[in-house]
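We call the chains A, B, C and D, going by the order they appear; numbering starts again at 1 in every chain.
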Amino acid sequence: MLITSYAVETRYPDCDAMGVVHHAVWPIWYEAARIDWLERAGFSFERSQAEHVNPAMVDLHMQYKGALGFPETVTVTVTPELLAPKKLALTYELRRADGTLAGTARSFHIWTGPDNRSYDLEAGLPEIYAALKKAVEE
Amino acid sequence: MLITSYAVETRYPDCDAMGVVHHAVWPIWYEAARIDWLERAGFSFERSQAEHVNPAMVDLHMQYKGALGFPETVTVTVTPELLAPKKLALTYELRRADGTLAGTARSFHIWTGPDNRSYDLEAGLPEIYAALKKAVEE
Amino acid sequence: MLITSYAVETRYPDCDAMGVVHHAVWPIWYEAARIDWLERAGFSFERSQAEHVNPAMVDLHMQYKGALGFPETVTVTVTPELLAPKKLALTYELRRADGTLAGTARSFHIWTGPDNRSYDLEAGLPEIYAALKKAVEE
Amino acid sequence: MLITSYAVETRYPDCDAMGVVHHAVWPIWYEAARIDWLERAGFSFERSQAEHVNPAMVDLHMQYKGALGFPETVTVTVTPELLAPKKLALTYELRRADGTLAGTARSFHIWTGPDNRSYDLEAGLPEIYAALKKAVEE
């Protein structure tokens, strides 16, 4: 199974009036880590754009286990949970530089095609599907 | 039970390169609707800031049921689920101007005090707690 | 000359760790006020999108004369400065609810067409150009 | 004179519906490059926070010379223009990976102290002022 790590630096305006990174910033980091995972698994963002095939966000569940500040470097670990012709699910762990866990998340996606409707990735882009399947299962 | 509606207009930069509001914008709307619910239930943002008592985000679970664009006006309905001396849970429905459901969410919070640690709202601010209790139960 | 006012409410995450609205949020407000001005002057956002004709941002000059917080309602007044077949310039005043001036700005745009290059609005969309000309001059 | 370079990667949600990085994102990059310049010149963000002394944004003037997309890495070059006991001015150049110029900017700041009012940096923090003076002049 392909498990990846993606490092992110917090930015000054990410912090709110309490001096902690606002909770709406975290989904941006999970997304960046997801795009990186897909790229490494064999489905680059450029290819995704060219084919108009995307993992549309359907469900995002985040746990906030601690506060983050600025400046700070965090690392998002991405672990695949499920790949099906029309579905993708990934889980995330977000850790501080000292290794402590700051948050976890799970995202669930349906593949969408050029018409913005559900898309069968296995049928439409079989070589991409095979590469992702390998990244999820092996 | 106090159920509130909060209207939000999408903004041009909320949309991503696919022309739909990015999923990281939705938590900002849920938060604005939550702040409004708390205010109407008897705990204003100003009071919250003055007391250094906040509903810290611990768990946020969002379902995206459809895409939103710009310009568009959406309405967030907030329904309380749980209030306890140290906890708060709310659920949300996000609807388009035509009434169709675009998303749902649930947020779970722990009350935190001036030391940024768990806080007993019933013990610390009993009149606020009583007001919120009434908004949740009656 | 068409001078418009556009009201905006600050949002909690607009504030940074110093508790004031971050300076990168202000351009979003100026843009919203500009879109509103264009709509009222006769060039709606929908039409602009349909024609793939936009006032591309070329120069933005902002003065910050005071800090803003949350919650706060501010009003942006938009005054046209210049309209030419390939150019648009607008100026802005941003005031607090009590009328005090918090900021000023000037934006300069070139009209761009479907190829993302400079576009002659007078030649391409004469009725739109005439409406804007009237809003700027009369 | 201390001239620094700061690299930034664009993020997917930075792009708007036209597929280009929204103009309100650029100030965030200029700020990150400015914080980096100040750190290298001898005034770290941590020290700035501890002393409650900040370069408050008073005037920001940006030129947009081209569009940026995602993914893309840009580099911001920071050049000091002016340091005085109560003032700071910096200029910026933003270049794409291929070296082409995408934008320029100038920011003007007044030093503010714990009371959020104008602050004499030379009088208040002479060793910081001396370090910055050296970075600007030598």
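Just so it is clear, a residue touches a chain if its C-beta (ideal position, glycine included) is under 8 Å from a C-beta of that chain, and two chains touch if they have at least 3 such contacts.
Everything quoted here is computed from the prediction, not taken from an experiment.
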Co-neighbours of subunit A and subunit B resolve to C, D
The chain pair with the larger count of contacting C-beta pairs, comparing B-D against B-C, is B-D
Subunit C to subunit D, mean C-alpha position gap in Å, rounds to 24
Between subunit B and subunit D, the Cα-mean centres are separated in Å by 35
Per the C-alpha means, the centres of subunit B and subunit C lie apart by a whole-Å value of 30
By the touch definition above, subunit D meets two or more other chains at residues 12-13, 17-18, 24, 28, 31, 70
Given the complex, residues on subunit A that touch subunit D span 11-13, 28, 31-32, 35, 45, 70-71
Per the touch rule above, subunit C residues touching subunit D in the complex are 17-18, 23-25, 27-28, 31, 49, 54, 56-65, 67, 116
Subunit A residues touching subunit C in their complex are 12-13, 15-19, 22, 24, 70
